[in-house]
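Both complexes below contain chain A, partnered by chain B and then by chain C.
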Partner chain A sequence: MSRTRDAIKKIAIERLGIELTDETIDSGKAFKDIGVDSLDAIELVVSVEDELDIELSDERLDAVENIKNLADYLSEFD
Partner chain B sequence: MHTEKIVNYYEQLPEENTFMDIMADITHKCNMTCKNCYIPNRDVPDMDLEKFRDFLSRLKGRCMIRIVGAEPTMNPRCNEYIEAVFEFGHRCILLTNGLRLSHKSYVDKMHDTGLRHVYLSLNGVDNDDWYEAIDELRCAEKKISALRHLKKRRFILDTGTIIVPGVNEDAPGALLELFDKENINNVLMRIKNVGQLGRYQTDVDDNVKLNQLVRLCSEQMGVSEDYINSFRDQKLYGMYTEKNSILFPLREGNKILNRGRWVKITNWDTDNESGIPDPNSQRRGRITENFTVAPLYEHIKMNEGGY
Partner chain C sequence: MQLEFYDRIFDLEDDVDLFFLHEHVLYVSYVKSKSNSNAKLDRFSRVWNKDIKSVCKQRVLTGSIDFAKPLVRSYNEELFENVSDDFTMCWKKTDTEHDTLIIHLTSYAGHEGRLTSPLTNVSEKIINLDTDLLIVNEDPFRMPESIYPSNLILGCSDTCDDITKMCAQIKTYIKKEYKHVVLYADSKHAGSVLSIAYEMSDLNMRVLVTGGQTTYNWNTSPWVRGYLKWTNRPEQLKHQFYSITPVAVMHIVKCYKFKQMNIDERITDPYKFLDEYNIPVDFYYGKYDADYVGFKNYVERLKLHNLTMHEVDYKISDSQTHNIRPYIDRFVLKDYIQNL
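Then we have the complex of A and B:
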């Protein structure tokens, strides 16, 4: 169990209407290939920060190309 | 109704919608009397909430619903319109002058709806003389208060600043100074010129043109004109190419929109054969009085002085 992964899944379904499984996250598919566009991406990031009460680094986010990158980064807050 | 210069007006049923951004004018009431206002008619009833809900239930695609007015927070049920947007699975942004958001309780109320994205007009930035000259109200303190409440609740923030020649041409730099002072590091600053629709204070001949907007931003925001111009004709939000807009991050390499400081320069000038900004836009639509969807600027022009 990972609280950060759970947060991503919860926000994806509640805010974006996208059901994310661990398999989808681990596939390393690009955001757009799982239905997350640029407006969704910022909503996902902000909502995760809000949910977990954390602040993500802009420099680290520059390296986030897909949902797996984001999940891996967030796992540092587990 | 103006028709002589409109080249491509049409309406769609919600089931036929092809627009990504849809304006919902939930009220025509306002608590300001800005000199630049594309819908200055205040004698229109508030949008019917149940008809809005029905519209949303039938709307094709997942859309960004822009809750606008005149001033949307003047509708006492503003929160319910926003809740309806989320209930039917759409995205939502509130476009506001921010006067009511200067109260923490109102920002909390908006947050409770699920709203996370706000567009705040900042024509005068933090300068009351500019606000008075453009928006006829010395309201800098309230705007800054709204900014602080929005930051505290971690809203995604867009700001909108109309550049009026002879008044606030220093606004791009002033915005950066204000955001430095308030420690606001994640924001999309929308910089535009005056649109000659409804009520406006600058004619086409005197307007700041797109290239001048680029130069002002370059000079005041620490990026070169070449850098800004390299973003021309790129797809906005990965989807649409718009000739009248340039969207770019101030820090090269930023990838997530609104994360870090971004700028969107938009040309609202109407110096073209249609007499409207961005004619034939495939992105921006507007809910009509009959709850169909029409292209935004074409609809505003057709109804100038009315809805």
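Then we have the complex of A and C:
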């Protein structure tokens, strides 16, 4: 169980209407290939920050290219 | 007429005053973006602040906003074609025959001093719909807003500088009869989208709009009325501070200019006339969008037969309560198109 992964999945379904599984996250698919456009990706981050009460580094986020990158970065807060 | 903004008096008849008022509005945004740099902000606000600072810096270093032209006027050539000479319109590439056309009046590229996104920076969710798509974007280089008070009321560029010319240009892109033509607009175009619909009412027109400035009329705008009430407050209340957003300052100035220019009420206050046309309008507004609630209430009070109001329980974040487009693009648009 991962607190941050659960947060990603919860927010993806509640706010974006996208069901994410561990397999999808681990597949390393680009955001657009799982139906997440650039605005969705920012909103996902905003909501994750809010849900977990954390602030992510802009430099690190600029390097995030897919959902796995984001999940890996967030796992540092588990 | 002289009005007070930010503890200074600006003469609305004087273009130099208006120029510096606009500069001051940008400066206020810049100072705010700097003062927020250490605060805990959401990523949207952080990106916004970074963009504002970057644009201001480049503008100061180069002496103009022209540095942004290569970016703002760029477009995705794989997805779009038929770009107008003034870089305000373009057409989605498609080989499929569609019976619905979306005319998307955007406010993404280059607005509010950001100048950091291209002409075709629209949601993929709109591009991927089973429709034709024409993007119409105001020329952000027709500045300052205080002197060229558009919101599409004065067209979208120097060559299409009123609604009639702009709609004539739009019609040159429409080569066939569509079963449905949907005008999709938001915020600053929440009113002008109707004036545009009236101008093209010979098409099978309908309007999908998200909340914003529904009137630009000096007598009916809630922002103008609120501001004038404060301006004319009694002597004992003169110490009162009036909190006003940069967007509202520009709106008030624009309303004054439109009044001065004798722009037809059908254009500055178009909702009043909606029931004269056979144009259905779906108006979505955010439950938490407090700044614009006066505009929403204004159109509700008109009790229009052709207007359907929809409340949306959504905000991007606590500091971004106005923009509900992401929700509409995700959860409304597809069904809306399928159910036409």
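Assume the second predicted complex is superposed on the first by the 78 of 78 C-alpha atoms of A that agree within 3 Å, B and C clash if a C-alpha of one lies under 4 Å from a C-alpha of the other, contacts with A are read in each partner's own complex, and residues count from 1 in each chain.
Keep this in mind: a contact is a pair of C-beta atoms (placed from the backbone, for glycine too) under 8 Å apart; a residue touches a chain by one contact, two chains touch by 3 or more.
Remember, it's a predicted structure, so these values are computed and weren't measured experimentally.
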Which of chain B and chain C A:D58 touches, first, second, both or neither: both
First (chain B), second (chain C), both or neither touched by A:T21: neither
Partner chain(s) touched by A:K32 [first = chain B, second = chain C, both, neither]: both
Partner chain(s) touched by A:D50 [first = chain B, second = chain C, both, neither]: both
Footprint overlap on chain A, where chain B in one structure and chain C in the other make contact: 17, 32, 37, 39, 42-43, 45-47, 49-50, 58, 61
Chain C partner contacts - residues on chain A that touch it in the complex: 16-17, 32, 37, 39-40, 42-43, 45-47, 49-50, 55-56, 58, 61
Residues of chain B defined as touching chain A within the complex: 62, 64, 89, 91, 114, 116-117, 154-156, 185-186, 237-239, 251, 253-260
Chain B partner contacts - residues on chain A that touch it in the complex: 15, 17, 32, 37-39, 41-43, 45-47, 49-50, 58, 61-62, 64
For the chain C and chain A complex, residues of the former touching the latter: 40, 42-44, 46-47, 50, 123-125, 316-318, 326, 330-331
